[in-house]
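These notes open a run of structures that come right after.
The two complexes that follow have subunit A in common; it is paired with subunit B in the first and with subunit C in the second.
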Partner chain A sequence: MLAAILAAGFAVGATYALIGVTYNIMFSASRVMSFTAGQLGMAGGVLGALFINRLGLPILPGFILALAGCALIGLVTEIVAVRPVLKALDQHLYVLSTLAFALMIQTFTAIEWSTEPQPFPRLLGIGEGGPLDEKFWLPVVACAATIIGLELLYRRTLVGRAFLAIAEDNFAARALGLPERNLRMASFALAGAVGGLAGFAGGELLLAFFANGATLNFFGFVPVALGGLGNNRGAVIGGLALGVFQQAANFLMGGVVAGVAVFVVFIIVLLVAPQGLFGAPAARRV
Partner chain B sequence: MSLTRRALVRASAATLALPAIIRSARAAAEPIRVGWLATFTGPLSSPTIGFDRGVKWAVEQVNGSGGVNGRMIEVISRDTQGDPTKAVNATQDVISRQKVHAIFGPVNSGELLATTPIMARARMPSLVAGVVNSLIDPVKYPNAFRVTPSNAQWDDAVRNYCQNIMKVKKVAITADATGYGTSAHDDSVASFKKAGLEVVYDAVIDPAQPDVTPDMLRAKNAGAEVMVSWTVSAGMAARMMNARAALNWDVPIAGHPALGTGEIGKLVDKPEYWEKVYQVGYRSCSYGPDGKLPKPNQDFVDSVKGKFPLADTSLWWIASGVDAIRLISEAVAKTGSSDSDKIIGYWNTLQMWPGLYGHYSFTPQEHNGFLGSDVVMSKANTQRDGAFDLAPGYV
Partner chain C sequence: MRALIPYALIAVAALALPLFANDYWAVIGARAAVYWVLVAGLNLVVGYGGQLAIGWVALLTLGSYTAAILVARLDLDPFLAYAAGGIVGALAGVVVGLPALRLRTFYFAMTTLGFATIVTQVALAWQSVTGGGIGLPGPAMSPPFDSAWGFYLLCLGFAAVVTWMTANVGSSRYGRSLVAIRDAEVAAEATGISKARLLTIVFLFSGFTAGVAGGLFATLQSYITPEAFSFDLSVTFFIAILVGGRGSILGPLIGTILLTLLPEVAAPLVAWSTFLYAALLLAIVLLMPGGIAALLDFRNRKPLESHRSILPQPDRVRALLDHGQVRENITLRNVVLAFGGVRAIDGLDITIRAGAVHGLIGPNGSGKTTTLNVISGYYAPQEGEAFLGTRVLPHGAPQTRSAMGIARTFQTPRVIGEASVLQNVMIGATIDGRASFVEAALTLPRHRSDEKRLTARAMDALSVVGLSSLAGVRADRLQHSELRFVEIARALVGRPAFLLLDEPAAGLSTDEIKRLGTLIKAVAEAGTGVLLVEHHADLIFDICDEVTVLNLGKELAAGTPAEIRAHKEVVSAYLGA
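Now for the complex of A and B:
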């Protein structure tokens, strides 16, 4: 029983964490909370099922194409929904533009794909549905690989350091000659791929369903708030904690009551630590 | 020429009667207009595909044999897109502008809740294909006649199967967190308890919940001998079946007709996980032990095979469409009129009217016309030609 709760909790939590990381990557590059993050997760699952199940591609090309498709969506998000509102960040127009674009992605998927959940391919064929089934550990592996990959990218490569530079101070980065716009576009493409990975790795659990985007948008935002905006490690810990708590609440209370319990705890945490459990209080120049 | 008083009276009477005679003659020649309001497009359109095939087939049959007393049936279709606002507009259009004589539809309860009072104000004879109990009230809506089972009858079928055929005592009841699911959950828990069964676990579950193992575990630990499920979500139903298999739990699942939808077959991890799942079905559309449908329906299926597809929809939706047109045309044929009061009056006299979908009986006091014993349980994974095998235990 405990194994079942933990397995499902970590799997769902890792998926939420990856969506949280997607939020963070887009935010770091643009200071914009892009509410397309959940749709990127949904697109990862739908494109995976499209390429592998419907078009019959082998798993690896299907996986690469799904991630490439999501990276493209990330890129288009930057061009269509983010760039036009960057000059008016203080008016928070990005909330409207990214939500509108997210709705467009969802509606397009519903029309062109299906309004019913569709099966996601069995990727490795490991496990028989028990706690060690691949559908439970694949999202965790994907999450771990993403965090390690991002750490290596940010700390060991010049491009990664350039990402950090524009995240830290994009005016200074531009003054140093860094191509801020190109780096921001690359960040959104990277965020698209990470969001797509969340949906692909969690596809066996979430299925290829157009409505997953809204759920992931919502629950993927919680780890960001819990872990501190821009803090990927915080998002992972927050996501895993959320997933396990959600499953435990489902078991202990059941039904929609469990969803309420999750948000009660979330609000209490934010009341105690408004900057998130792992975020530093924001300093303001006076 | 002299005009006598008698001739003057006769001429006046003839003049006064002339419009009525013309109206009567015109009415005898005009088509019988049937408003057919349904969700032709959008995510809720799958039932309409079946209903519409039945409606078109029945109209072809009536018109092909010369119509009703020489009057052709003209179907005026409107797409409500599953949207109550559009359904209201369509209802007002067919009543006020198209001057229909009767209405079939809309075909989901949410739209019907919005349109039923409008039809009642116009005293429009209407055939209701929705399960929500409150749609039928012969005092408020004397014009509305239900030609499908009510929610309570679905619940009765599931409960009778659990109690009298499976002989279980402890049940778990789950439903999805939609308006329909919440209401079905409450009604079902109350009726199972009233019947003396022990509801050991009940929950309303978010249909987007990625894993339902915790709910299944709780039901298992509580000792449930059957899982009753009221959900239209194929994803949630398939997750329950997958979780049941992962827990090595051999509990039967019984409930909503959506448990037999073909989407579930694609979503279960293995085909055998769909075994021991029983959905609400209908005796008229269920294969008996001999692999045959009841004779009228077998004859119908044999006659339409190849003319339109049966495998991609439910036979009962098609049958319901056929019955709706037959009920309207028979009312006009028997009363010789398409007046609202005549049609409503005729329907109020029907007793065990043998439709393709089921038997209907109406009185001025009871407009839930579907015969309860026609609602049975079917094996969910046995669909062929839109019909299912009877669940084990029926004779």
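Now for the complex of A and C:
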């Protein structure tokens, strides 16, 4: 049973962690927490099932198209729901605009795709059943690959350093002549692809279901809130811990208790450390 | 009176509905009324208080199940069951709402969302009590409320009462304080508004109306299952408020009616209704953040006079400030405050005398504003203490200063743009109000006398600073210099024993600076001590009784203006030859 708990826990945990990273990428580029993060994960699963199952594409092109579609959604988020309200960042209009856009994505999917969970294609066919089934380790692999990829991007490439510069000090970065708007759009596209990857890699576990958006949105936010905004390491540790905790509670006490337990722990930790366990305290106010 | 016309029109339309519509419309009308009972309360949280509670449907669920369970299992009277639902809603409202004291915007929105999910899951799983997915019957009404139109009129009655109460609260000091913590939280703290207390009361009230709405909803549905309380419903409530406009009662009322009726008049759109609401929300946020209320605000579209001058009346200061307070000094003893490695204040001793003007000057970064922030409680010094008389000023508790008679202004004016100038000034006297929330909601005599007294005093304060002609204008239409004087009026209306001014002359014209100087002198002569942080050396030397010069967080010199002007180090470090 322990193996089953750990396998399922790491799998959903890695998915949550990837959604957390999606939040972080968008936040770093714009200081905006976007409600669309979870919807991107949902879209990854739905688009994957759409391209491979319904349209019959081979797996690789289907995968690439699903990620491209999610990147496009990320890009549109930036243009429609983020850029217009950036000037009024202190009024928190972004909470409303991204909520509205996320709801539009979700309802559109519910109506045009299906309100029932649809099957997601079997990708590799490795480890039928059992705790070593691909549906358990694919999200973990995707998460590890994303983290390594992001590290390489941020540390080794000029574009990645520009991302970091924008995240660190937007004004100074612009004063140095960095194309802030283009970098922000690129960040949102990247976030879209990462969110899509989360949904695609976790697709065999979560299925192609429109309501995954709201679920992933909440459980992807928990590791971000606990790990501190913009902190990917915190998101990964928090996500995996959350996944294992949730699955353990699920196996031992049943789904509802698990849900309540996660929520209570989340609220208590947040109230004790609002800036997250690994985050820095807020800046001066007066 | 004219403000009541739209409400009267809505009431007439609602009462006339039974005359020409069929029973189906009685259900739709009742639904709109029930939703409004919830939205009206939520409006105080979201529209006035600016707290993004998107999961308020959880309280509707709790109220519904409480009422339904009490009637179905214990055979309680439906009205008592509604009241019980209200109480459960109120308690849950505090539980869901209180994280707002620590968590901001997105975080808070997420916690309310999480709570809504949990409540539905529990309702689904706790089969022995809630009936699980099968559900249970809602409270049945007895005559005359058992007919469709009878129940409609009952819901309408609830809606009317809630409208009246929230309108009263909205125009009371509670409503103003809520808007203040929404748009100018830091300034609200300085005027003594306790966010914790205020929000607790409002969450109780809002939870209560949501719980009662839940009971009515259960009767209206006649059978409730967890599916009836979808997140879409929660979003509808939230969007109705924002479409209506923040800080308004009428706007959200119209918003609720529109959003309830929209799927009825456009039947093919029912499946798409949530999508349309979301699109509407996006459009409102991007194109018309003021919502319907801003559309209806004709008064603030009239152009203002373009050549206005601020003409303070210093001779009226004494009548305004007429306070019998004991005269005490503010003393700082060996205060040290470091931000990381930077010692912003490094062992400062200073005494600010009652009834005198004390100037605080020095180069940028010398610790002037930091000193002011220590006195007004925003920063907690690592060493040393600040005293008022012999009492220690509590660290990091700015909301305690107003009651101790310490008022302040800010380097960048922090006013509520969407409130009128008069309302902004009345914020400064919030803690002088005596009426409780309940008295305000019911407009009992004590509330009415509060309002009369505070309005009169705020008008006095406005005439003292020379802005009475702009009392009814939205504050965001004022010029920068006028906002500086609005802040001074807001500080004076609480009759402070000490007034802390943070660069009040910045951005003013030469004439305005002169008038400001006369005003500050009159304030000090009326017995209020003034601490003046300023860069305009002329103003400082003109009106100060004492001057302290700071450099790198330490006192460089102190004395009368004449002594400072002759001080060699000050001249070379700051004033220049």
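Quick note on the criterion: the second predicted complex is superposed on the first by the 280 of 286 C-alpha atoms of A that agree within 3 Å, B and C clash if a C-alpha of one lies under 4 Å from a C-alpha of the other, contacts with A are read in each partner's own complex, and residues count from 1 in each chain.
As a working rule, a residue touches a chain if its C-beta (ideal position, glycine included) is under 8 Å from a C-beta of that chain, and two chains touch if they have at least 3 such contacts.
Everything numeric in this text was worked out from a predicted model, so none of it was measured.
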item	value
Combined model on subunit A: subunit C and subunit B, fit or clash	clash
Subunit B versus subunit C as contact partner of A:A225, first or second or both or neither	second
Which superposed partner A:V244 touches (first subunit B, second subunit C, both, neither)	neither
Partner chain in contact with A:G259 - subunit B first, subunit C second, else both or neither	both
Contacts of A:I166 with subunit B and subunit C, given as first, second, both or neither	neither
Which superposed partner A:N212 touches (first subunit B, second subunit C, both, neither)	first
Interface residues of subunit A shared between complexes with subunit B and subunit C	254-256, 259
Touching residues (chain side subunit A, partner subunit B) in the complex	1, 4-5, 8, 11-12, 15, 110, 115-119, 122, 128-130, 133, 202, 205-207, 209, 211-212, 215, 247-248, 250-251, 254-256, 258-259
Complex interface listing, subunit A residues touching subunit C	33, 80-81, 84-85, 91-93, 95-97, 99-101, 103-104, 107-108, 111, 214, 218, 221, 225, 254-256, 259-260, 263, 266-267, 270-271, 274, 284-286
Touching residues on subunit C, where the partner in the complex is subunit A	52, 54, 99, 102-107, 109-111, 113-115, 117-118, 121-122, 124-125, 186, 231, 235, 242, 271-272, 274-275, 277-279, 281-282, 285-286, 289, 339, 369, 373, 378-379, 410
Touching residues on subunit B, where the partner in the complex is subunit A	43, 177, 201, 203-206, 208-211, 213-215, 217-218, 221, 234-235, 238, 242-243, 245-247, 263, 266-267, 269
